[in-house]
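Remarks on the structure that follows.
In order of appearance the chains are A, B and C, and numbering begins at 1 in each one.
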Amino acid sequence: MRHRHLLAIVLATLTLLVAACGSSAGSDGTATTKAPAADGSATTEAPLEGEITVSAAASLTESFTDMGKAFEAEHPGTTVTFTFDSSGTLSQQILDGAPVDVFASADEKNMEKLTDADLVKGDPTVFARNQLVIVTKPGNPEGIGSLADLPDAGVISLCGEDVPCGKFAGEALANADVTIPEGSVTRGQNAKATLAAVSEGDAVAGIVYVTDALAAGDAVDAVEIPADDNVVATYPVAVLTDTRDAALASAFVDYVASDDGQAILEERGFLPPA
Amino acid sequence: MTLDAQVQVDLDGFALDVALTAERGRVLAVIGPNGAGKTTTLRCLQGIRPLDGGRIVLDDDVLDHPAAGTFVVPERRRIAMVHQDLLLFPHLTARDNVAFGLRARGRSRRDARQQADDLLARRGLAAQAGARATTLSGGQAQRVALLRALVTEPRLLLLDEPLAALDPSVRGETRRELRRTLDEFTGSAVVVTHDPIDALTLADDVVVIEHGTVAQAGSLGEVTSRPRSRHVADLLGTNLVRGTARGTELRSGPAVLHLAEPLEGEVFATIAPSAITVHVSEPEGSARNRWPMTVTDIEPAGERVRLRLDGDLPLVAEITAPSLAALGLQVGSPAWASVKATEINGYSR
Amino acid sequence: MSVRRRRPPALVLVAATAALLLFALPLIGLVQRADWAHLLDDLRTPGATEAMRLSLTTSLAATALAVVLGLPLAWVLARTDIPGRAALRALVLLPMVLPPVVGGVALLSAFSRRSPIGSWLFDTFGIQLTFSPAGVVLAEAFVAMPFFVITVEAALRSLDPRYEQVAAGLGATPPQVFRRVTLPLIAPAVVAGAILSWARALGEFGATITFAGNIAGRTRTLPLSIYLQLESDPSGAIALSLVLLLVSFAVLIGLRDRWLGGGRP
């Protein structure tokens, strides 16, 4: 008899596992019950509820966290969960089948990877722009004044070459005609890790987004990069085709583009979309 | 007197306090029941367990004397130990086991190995010199372990149940060899054993330890003939006869003993005191082992009494108190002793 | 074999198979995803060879450090009665269960240029551990040494102390006893412990990237390279992953046959 019980438990567990595996593939059906909020914000007749997952570039960590709270306050009963990492990592995860409803990228290229794979619902919306800045230790002990000071300063923290912030940093350095030997570059997986190498670690300086430098507060000093050399990053956001809740996902995207959303982004140092 | 030790140690539950003396060239057997403190005593002599009181003096060197703050570390005592399970270094060959102590004392590897080879060859182990210690037979390993200890010329040799782990078929042979080795050894030796044959054949002196104290100490003859406790009587209170055997005839001094099994050459024989029958006149019948005696001592041992009988073959006999009364024997009385051939246990020496 | 083995019950067999699949499927997936035709080319890129060379040298150095420092530590833990030994052992084992990133942060707090020790090292000797191969070695040793210490400590504990006592009785001084008796007797455990900690050092990621950074040719070891390449050059990342998989597999098989008691029936 006891064997029977055990068998039942094992079978139940296996069934659960199989069901869990299958749900990510066949989840489209659940979304059909919701009325698609075609345009504008959600109407009062169809109160929003449920849960969505948003994958956002690491540089959006603070602003999107704020935005999630504001959105949830406006729509009680909704939960927005975030995954922050480099846009490259996140797009790869989505390509590999990660269950994500909304993707906000720090560059166009990673968003294109998803549109090319037909994973994006409709067209992505550009909602913000960002610029790069040099960060140094508090008080700028090495006296760094420009990109040209970086090659001889010591270990410089940059994002990985295939991560947007790393690509942009490369472009900015090229614009200024500056080459930092690869032997004194430590590569972070995303903007936050790159900043941490300066704020927590022993890197003397790094190149990150203005917004990251702002978010770090007193932990680093920022040194501006002249507009001629600087690179403008464009942030697109989109609902993904595999979303479990298209209405809620669209509502969140709309909120990002709304005046409230833009105010939060501006407060965190982002430039408005062109 | 080369070893003079008063070993005092506080153990869980009881205090160990025993005096040991072993003269140069003599073998002291330490016997006693399990848990009496024999192993601890050996550990103190080795210097693994420091004394809490008393002192250990070897050849006028004070090795351990807590009251004076003296303690000599084990490697400087020149006290070698052979354990029951021998503990040959398993990663070394027989040769390197024997050479170990020489190497430790600064001899070159070549020199040490040469001497080890010579010693092994002398013990008939030339073929085993290069063999791993783990591949040796019990008897071979025993010889190697003894050589490893003796090659360092220890001032004191400690043997813990040296023959207990051996297969009975090789024990006799190995015991004889150990006896010869100890005869040649010029230092003092202490043998811990619970086997009466080992004690009777190897030891010159005996210390009996019970509950952490010395229950009896003296020469082998004294202790065997006058055991002062049941334990000693059971263990050692037996008659030991040395002599020469030819077939079933064993000659010991003027006496002749008849054996059940034939033996040749130098032998030991033991006769349990309770196996000896005492008579007031010459016994009749078929018992060929009978000797006229004089009672020299009567000593009660529990419900029985032990009689010391003197004659061609001095013996100790054990009889019941009523038998003694019925026989009407007193110290000085003449008497006859007889024993069956099957009650005489002979061993080749 | 004359004895008939008991057949396992069907249920146990099913569960065991599920467990095995849990381990095997990801590895099969990795092997199946590999671009075998270009595997050698992927491994011959400057970035890959550099990462492999760096990983090999730092992991070997970390293992050497683990042996040289871990052996005395194991001895102290196994043989002495220093107070608080249980707490000490827990401290030594902590890196085995601590997330490596936390280890990296902890190393930063102790040895970064802004920490007292790190600044003293730099001001006095000009030594900077962060962003240096030495820092990689330190991070790897931090996570790998516990494997060596527990393996050797266990061997020392199970070693019959009377071997050493006999050696002392034959006149050997403590250093002689250690060199000629203790060490040879625990040699299998020393080798097994060294190999285990080498394998752990080779796979170290979190503490390394946090403490030593991610500099090509200086601190970018195999796992770091794999992580970074996953975005730009997945086939290269998989090629390097296969190298690590192969090494780990070889280590375990080697250990099983020779030291871990399995293998030959």
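In this text, contacts are C-beta pairs under 8 Å (C-beta built on N, C-alpha and C of every residue); 3 or more make two chains touch, one makes a residue touch a chain.
Since this is a predicted model, take the numbers as computed values, not measurements.
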Graph class of chain-chain contacts, one of line, ring, star, complete, other: line
Taking each chain's C-alpha mean as its centre, the one farthest from chain B: A
Per-chain CA centroid nearest to the all-protein CA mean: C
Between chain C and chain B, distance of the C-alpha-averaged centres to the nearest whole Å: 54
CA centroid of chain A to CA centroid of chain C, Å: 35
Distance between chain centroids, defined by C-alpha means - chain A, chain B (Å): 87
Touching residues (chain side chain C, partner chain B) in the complex: 160, 162-163, 165-174, 176-177, 180-181, 184-185, 187
Touching residues on chain A, where the partner in the complex is chain C: 3, 6-7, 10, 14, 86, 88-89, 92, 155, 157, 160-163, 182-189, 197, 200-203
Residues on chain C engaged by chain A in the complex (per definition of touch): 9, 11, 14-15, 18, 105, 108, 112-114, 118, 128, 130-131, 209-211, 213-220, 227-228, 230-232
Chain C-touching residues of chain B, taken from the complex the two chains share: 46-48, 73-81, 83, 87, 89-92, 100-101, 103-105, 148-149, 152, 154
